[in-house]
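Order of writing sets the labels: A, B, C, D, E and F. Residues in every chain begin at 1.
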Amino acid sequence: MTKAEDTLPALDPGTIPLLRGVSTATITLQLLKRGFRNVAIDGVRPVNPQAVRLVGPAFTLRFIPLREDIGTPALLQQPESPQRRAIETVPTGEVLVIDAHGEHRSGTLGAILVARLKARGVAGAVSDGAVRDSAEIAAMAYPVFSRGVAAPPNFTRLMAVDAQQPIGCGGVAVYPGDLMVGDSDGVVAIPRHLADEVARDGAEQEKLEIYLRRRIERGDSIVGVYPASDETLARYRRWREAGEPDDLGG
Amino acid sequence: MTKAEDTLPALDPGTIPLLRGVSTATITLQLLKRGFRNVAIDGVRPVNPQAVRLVGPAFTLRFIPLREDIGTPALLQQPESPQRRAIETVPTGEVLVIDAHGEHRSGTLGAILVARLKARGVAGAVSDGAVRDSAEIAAMAYPVFSRGVAAPPNFTRLMAVDAQQPIGCGGVAVYPGDLMVGDSDGVVAIPRHLADEVARDGAEQEKLEIYLRRRIERGDSIVGVYPASDETLARYRRWREAGEPDDLGG
Amino acid sequence: MTKAEDTLPALDPGTIPLLRGVSTATITLQLLKRGFRNVAIDGVRPVNPQAVRLVGPAFTLRFIPLREDIGTPALLQQPESPQRRAIETVPTGEVLVIDAHGEHRSGTLGAILVARLKARGVAGAVSDGAVRDSAEIAAMAYPVFSRGVAAPPNFTRLMAVDAQQPIGCGGVAVYPGDLMVGDSDGVVAIPRHLADEVARDGAEQEKLEIYLRRRIERGDSIVGVYPASDETLARYRRWREAGEPDDLGG
Amino acid sequence: MTKAEDTLPALDPGTIPLLRGVSTATITLQLLKRGFRNVAIDGVRPVNPQAVRLVGPAFTLRFIPLREDIGTPALLQQPESPQRRAIETVPTGEVLVIDAHGEHRSGTLGAILVARLKARGVAGAVSDGAVRDSAEIAAMAYPVFSRGVAAPPNFTRLMAVDAQQPIGCGGVAVYPGDLMVGDSDGVVAIPRHLADEVARDGAEQEKLEIYLRRRIERGDSIVGVYPASDETLARYRRWREAGEPDDLGG
Amino acid sequence: MTKAEDTLPALDPGTIPLLRGVSTATITLQLLKRGFRNVAIDGVRPVNPQAVRLVGPAFTLRFIPLREDIGTPALLQQPESPQRRAIETVPTGEVLVIDAHGEHRSGTLGAILVARLKARGVAGAVSDGAVRDSAEIAAMAYPVFSRGVAAPPNFTRLMAVDAQQPIGCGGVAVYPGDLMVGDSDGVVAIPRHLADEVARDGAEQEKLEIYLRRRIERGDSIVGVYPASDETLARYRRWREAGEPDDLGG
Amino acid sequence: MTKAEDTLPALDPGTIPLLRGVSTATITLQLLKRGFRNVAIDGVRPVNPQAVRLVGPAFTLRFIPLREDIGTPALLQQPESPQRRAIETVPTGEVLVIDAHGEHRSGTLGAILVARLKARGVAGAVSDGAVRDSAEIAAMAYPVFSRGVAAPPNFTRLMAVDAQQPIGCGGVAVYPGDLMVGDSDGVVAIPRHLADEVARDGAEQEKLEIYLRRRIERGDSIVGVYPASDETLARYRRWREAGEPDDLGG
């Protein structure tokens, strides 16, 4: 696993703090401008709708369908199972991202493992499969995204086979170290080498959109405002320079 | 677009107020009695579960899958895009109904456009695709129904091509001017020429069902009560004539 | 229907009370240890997220797709319809379990029928189809699980054909008398003859997991703790014998 | 099972011979004229594309998902299994129709059972699940329709639970005794009491369509021809009365 | 409809003949090089596997889900139905492309309509829904592609609403005039303005691939050959200049 | 990759020859008897129905969804792409097994790569995605199984990321070295350590089934014959000892 991390582009220390204020909707637009259409993980929803804000580099874990002689309760509960090892290995501040290989009828994470992730300072978890103990997870102030809930343990239908390899999660490629960002619209994966610029430009876009939304809410047409015409952009810049007064111009 | 509206059957002025008190469950039964089995838009849910009551004539907007040379951010943000024009064109009191052509991985509406619809007095919106900025939309007291949420903007995977044409939405035909009604069970489309009678008979049915439900809640069997026998109907009418007393008869 | 019930293995009187304290996640693990991988009903969610705790023997009802000459409003509202008869027949304390044959676009239950089930002391309902009047059902303090909501009545697309036969519900076999247990993770079916031992061992497992989770929350690694090593189990037993003090050992 | 058959409407002895010459496309149009939209079994294809012509009354068999303690190889191979009993019980000339409850990953029929059906004079088989030994079945001159092929035996994922009950097959209601007709477009179920008139009117329609198709093939427009105008129908009748000469009129 | 055609870029007269020799696999690679990833219509297969070669400009027809009061047999068989009008209007040499709005349980075309298309010199048809009378269509030497077969007529579940508008077909945008090409791998849509260059470069690529495949078949490694290195390309050019001898060089 | 192969259990030299005569239907029954229910790869069909017989150890290749900056034509055509390397690395006699991560809209293999596999003596290929150039592949006497066909090259939607790791293929776990067997019913994966005994017992079962099928074809009931009673088994053994005469006994 060290190999993958050694070769990752360094992140600007301001990037993760900036991303905490940028919505996934904004990030997808920034990535689209750079040629990326397929960055939003399909179908994942927050287990606790009150704890959706998720930011951190991806630590990946991959499951495949169960084989009955390997995926027994006895074997899989051994600490050297890739799932168990991953729980104790994800670095503080990173996000556990799980490829459940399309299977949503067994839980890829349960409350005790999530409690351990939280205790270890892991930033959160994303699974394109299900989670179990969902009421307990929902009661934690901790961001976990999944495609659904399912009572059975993972080894009913799945086996973890490796970690820190490139995976597919909800139809999106996720490489170890990619920046994962989650909110009420779901989760997006930002390619590592683009994280700094997407964070910076995304934060700028958020400020503009606050201005534009106020314009719309006071009754302005979207014509010339959203998307912003050059004139609107000029007014916006004056408004920002003026200290963001109540008078929006336009 | 005027053409479609010119030929629409006139609505009784009491119909929309009446429909505000009729559930979609009741409307589907009234339509079934008139031979319509396929009127409930499949799979749409309210973005804000506190703002589900939606009534108004349909204004339709149609998307098709993206073609990469047309659906660029630059082109689609031009005001003459059918989506942008529709936002500024839906008449006050009508409902924007979107045919997303089965694609749910990009948002067909975002918070700024919904804010504009609300500011313009549009009654609400229904999309058989996704919406983005869902937390912001959910924070508005405004009825928006969708099949899900997705962070990416529509031009990641979709292009709006025309408005005010007949569309399919969630497996249901929607013609401009059809009466859209939404609540916690989803959204139904009432063919325009049936709206007056469905509203009137639906409102009647709602009153009867309140009486029947009270009968059930006090412990009566459903036999003879639900569906109502002639005797139950007679008692119901006496109860209504008597000013709806606590004594339900039966 | 008596025939099915006559031949059912007797339940220990403590089993249902015990199961009220055992999560579906725990039950699936207990059943997996006994060789059952396919016990969790796929995709059902509580209509009222505040009323999810469901325990009781299954009373089954089976729907098939509609045939237009049989499934008319007139015919199906007759009290001898299998659906209507089932509502008045499910014994107190049992759970109505519905096989909707994969159809989720019409409601297999509505508010008046659910009100009747509740009034009769039926323990709850599970449908792998939809329910209608979902806001009214969600307002009852009563556990109903479904795959979704849909406004149209069942006879728009479905017909009830028999009751108390083995059914498939959400991809799981359910026999009359199987123990149904529901919570936030969904619903599981426990084969009748295993209910006593699953309840007993499940209740034990719940106690152990409380201890393990506290260990994790105070910062212990999952290694040796979850799954519990022999040493952890020994400490757990001492902790229980000591009256479950704050000091968890380990 | 006798009960179901006792109450079935009698079939005109000419109906089954007539139906052998009527396509499923024609039958669906005849049924649509009588108010039936949902009669074609979704997704079934002939295992042997050279042996698709299937006509006969339905004998129904119902599967549900497997429960691991019941669906063992040992138990299910006992002759009293509903599947085994059905194979020996379907009357000569009838069609075995299987409800596989949506499961297509295990075979509901294999070559030896199909060989037995053929030896017993059963008219054919339809399954909305899979069949196994498909190459061997395809080599028989015998009509078997399924949604696909799958190597595993049924008791890998399914259990037969009863026969001669109403079932859903490919989204269509099938009652014992309904007339099943299959060809290259798939399989349709004709409600028993309509079989005589559908056979008669369908056979008439087939003759008209041969005439119309010849008109089209010689270069006539479909306008006035398909669907046939009164004038076209008059010409058609003259053509038939004239002994169906090469000169089509029109 | 004339409007759409008036504004179409002219096609080089050699383009359609060239495209007859270019596979859809080759076309998708040419389009990918120009930034188009989404050009292959998902899931359509040839009804007659012996008649798969299809080339021509698109003439589009759009269906939406049925509304029971509009989509009656009586109304829809009137010649002014958009479907009927389209059959008589598609220009010689063009391809009828149908958007079935995701519905595959009723036939969007039958044998008589296909016979008329063939008689009129239309190049073929593509539907992302089903066709009926599939055996008869399969017996014509005529290219028709569909997602499947289904016996019922279109007005069982669908209504044609307009023609020559942009549509989605199998997840791909199709504009009137786009070049449709079909073979055993399915159907692709080439944006009109790229047709000339895709045809020209595609035809070149086909020649190269014949050479490369011969190299592979004689035992060469793909390294340096596929994709072709500069050296391989040089040898290929010499081979072509030498009159394509048996000696492949390399 | 050598590591995986070093630790594989040795195969009896007779196993692969034996397996060539054992059907996948038989193998699934042998595996079910050993506790394996999930061994048949879901949905794969032979590209060439005349070349379905496939036997050999698995060599695995894994794809994930495309990321637009990595999966460019330029980069992916480099020979060090895992897909290209795999084509040149699969040992003679092994089977290339591809995990397409659920994506079927782009081809994971095309004709030139398959030609190279064939030239290198690879036993065949299985992909749970699509293949392209399907007509050319179908014209080779070579077993390739896929979930479908699609014209676009893999790098339209997919990227190969590694080889010789455990994968999921069609919902089944496949480990490098597992024995893949394919025929008209699809493809199964036999866990390596069970291959010898499954081959031996499967070959025995095939012989018995030939006898049983003859019994059925001459008109015997399945009762006591299929599954075989002790008496039937005794007769079968006598029949084999007697040199398999026309007289089947029983």
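One rule holds for everything that comes next: contacts are C-beta pairs under 8 Å (C-beta built on N, C-alpha and C of every residue); 3 or more make two chains touch, one makes a residue touch a chain.
Being a predicted model, the structure only gives us computed values, none of them experimental.
Engineer: Keeping to the contact definition above, tell me which chains border both chain B and chain C.
Structural biologist: The shared contacts of chain B and chain C, listed by label, come to A.
Engineer: Determine whether chain A and chain F, two copies of the same sequence, contact each other through the same residue numbers or different ones, counting it as same when over half of the numbers at the interface appear on both sides.
Structural biologist: Over half of the interface numbering overlaps between copies: same.
Engineer: Would you kindly say which chain has the C-alpha centre located farthest from the C-alpha centre of chain D?
Structural biologist: A
Engineer: Please work out which of B-E and E-F is bridged by more C-beta pairs in contact, and write that pair.
Structural biologist: E-F
Engineer: Express in whole angstrom the distance between the two chain centres, defined as the mean CA positions of chain C and chain D.
Structural biologist: Each chain reduced to its C-alpha mean, chain C and chain D end up 37 Å apart.
Engineer: When the C-alpha atoms of chain A and chain C are each averaged to a single point, how far apart are the two points in Å?
Structural biologist: Roughly 32 Å, centre to centre.
Engineer: Distance-wise, how many Å sit between the C-alpha centres of chain B and chain F, to the nearest whole number?
Structural biologist: Distance between chain centres, rounded to whole Å: 50 Å.
Engineer: Out of chain D, which residues touch more than one other chain, so two or more?
Structural biologist: If we look for residues of chain D contacting two or more partner chains, we find 37, 171.
Engineer: Provide the full list of chain pairs in touch.
Structural biologist: The complete list of chain pairs in contact reads A-B, A-C, A-F, B-C, B-E, C-D, D-E, D-F, E-F.
Engineer: Could you pull out which chain D residues touch chain F in their complex?
Structural biologist: Residues in contact with chain F: 73, 77, 79, 84, 87-88, 105-107, 110-113, 115-116, 119, 132-135, 138, 148-153, 155-157.
Engineer: In the complex formed with chain C, which residues of chain B make contact?
Structural biologist: 23-25, 27-29, 32-33, 37, 39-40, 42-43, 52, 171, 183-186, 188, 209, 212-213, 216-217, 219, 221-224, 226-227
Engineer: Applying the document's contact rule, which stretches of chain D touch chain C when the two form their complex?
Structural biologist: Within the complex, chain D contacts chain C at residues 35-38, 64-70, 101-102, 159, 161-162, 165-168, 171-173, 175, 191.
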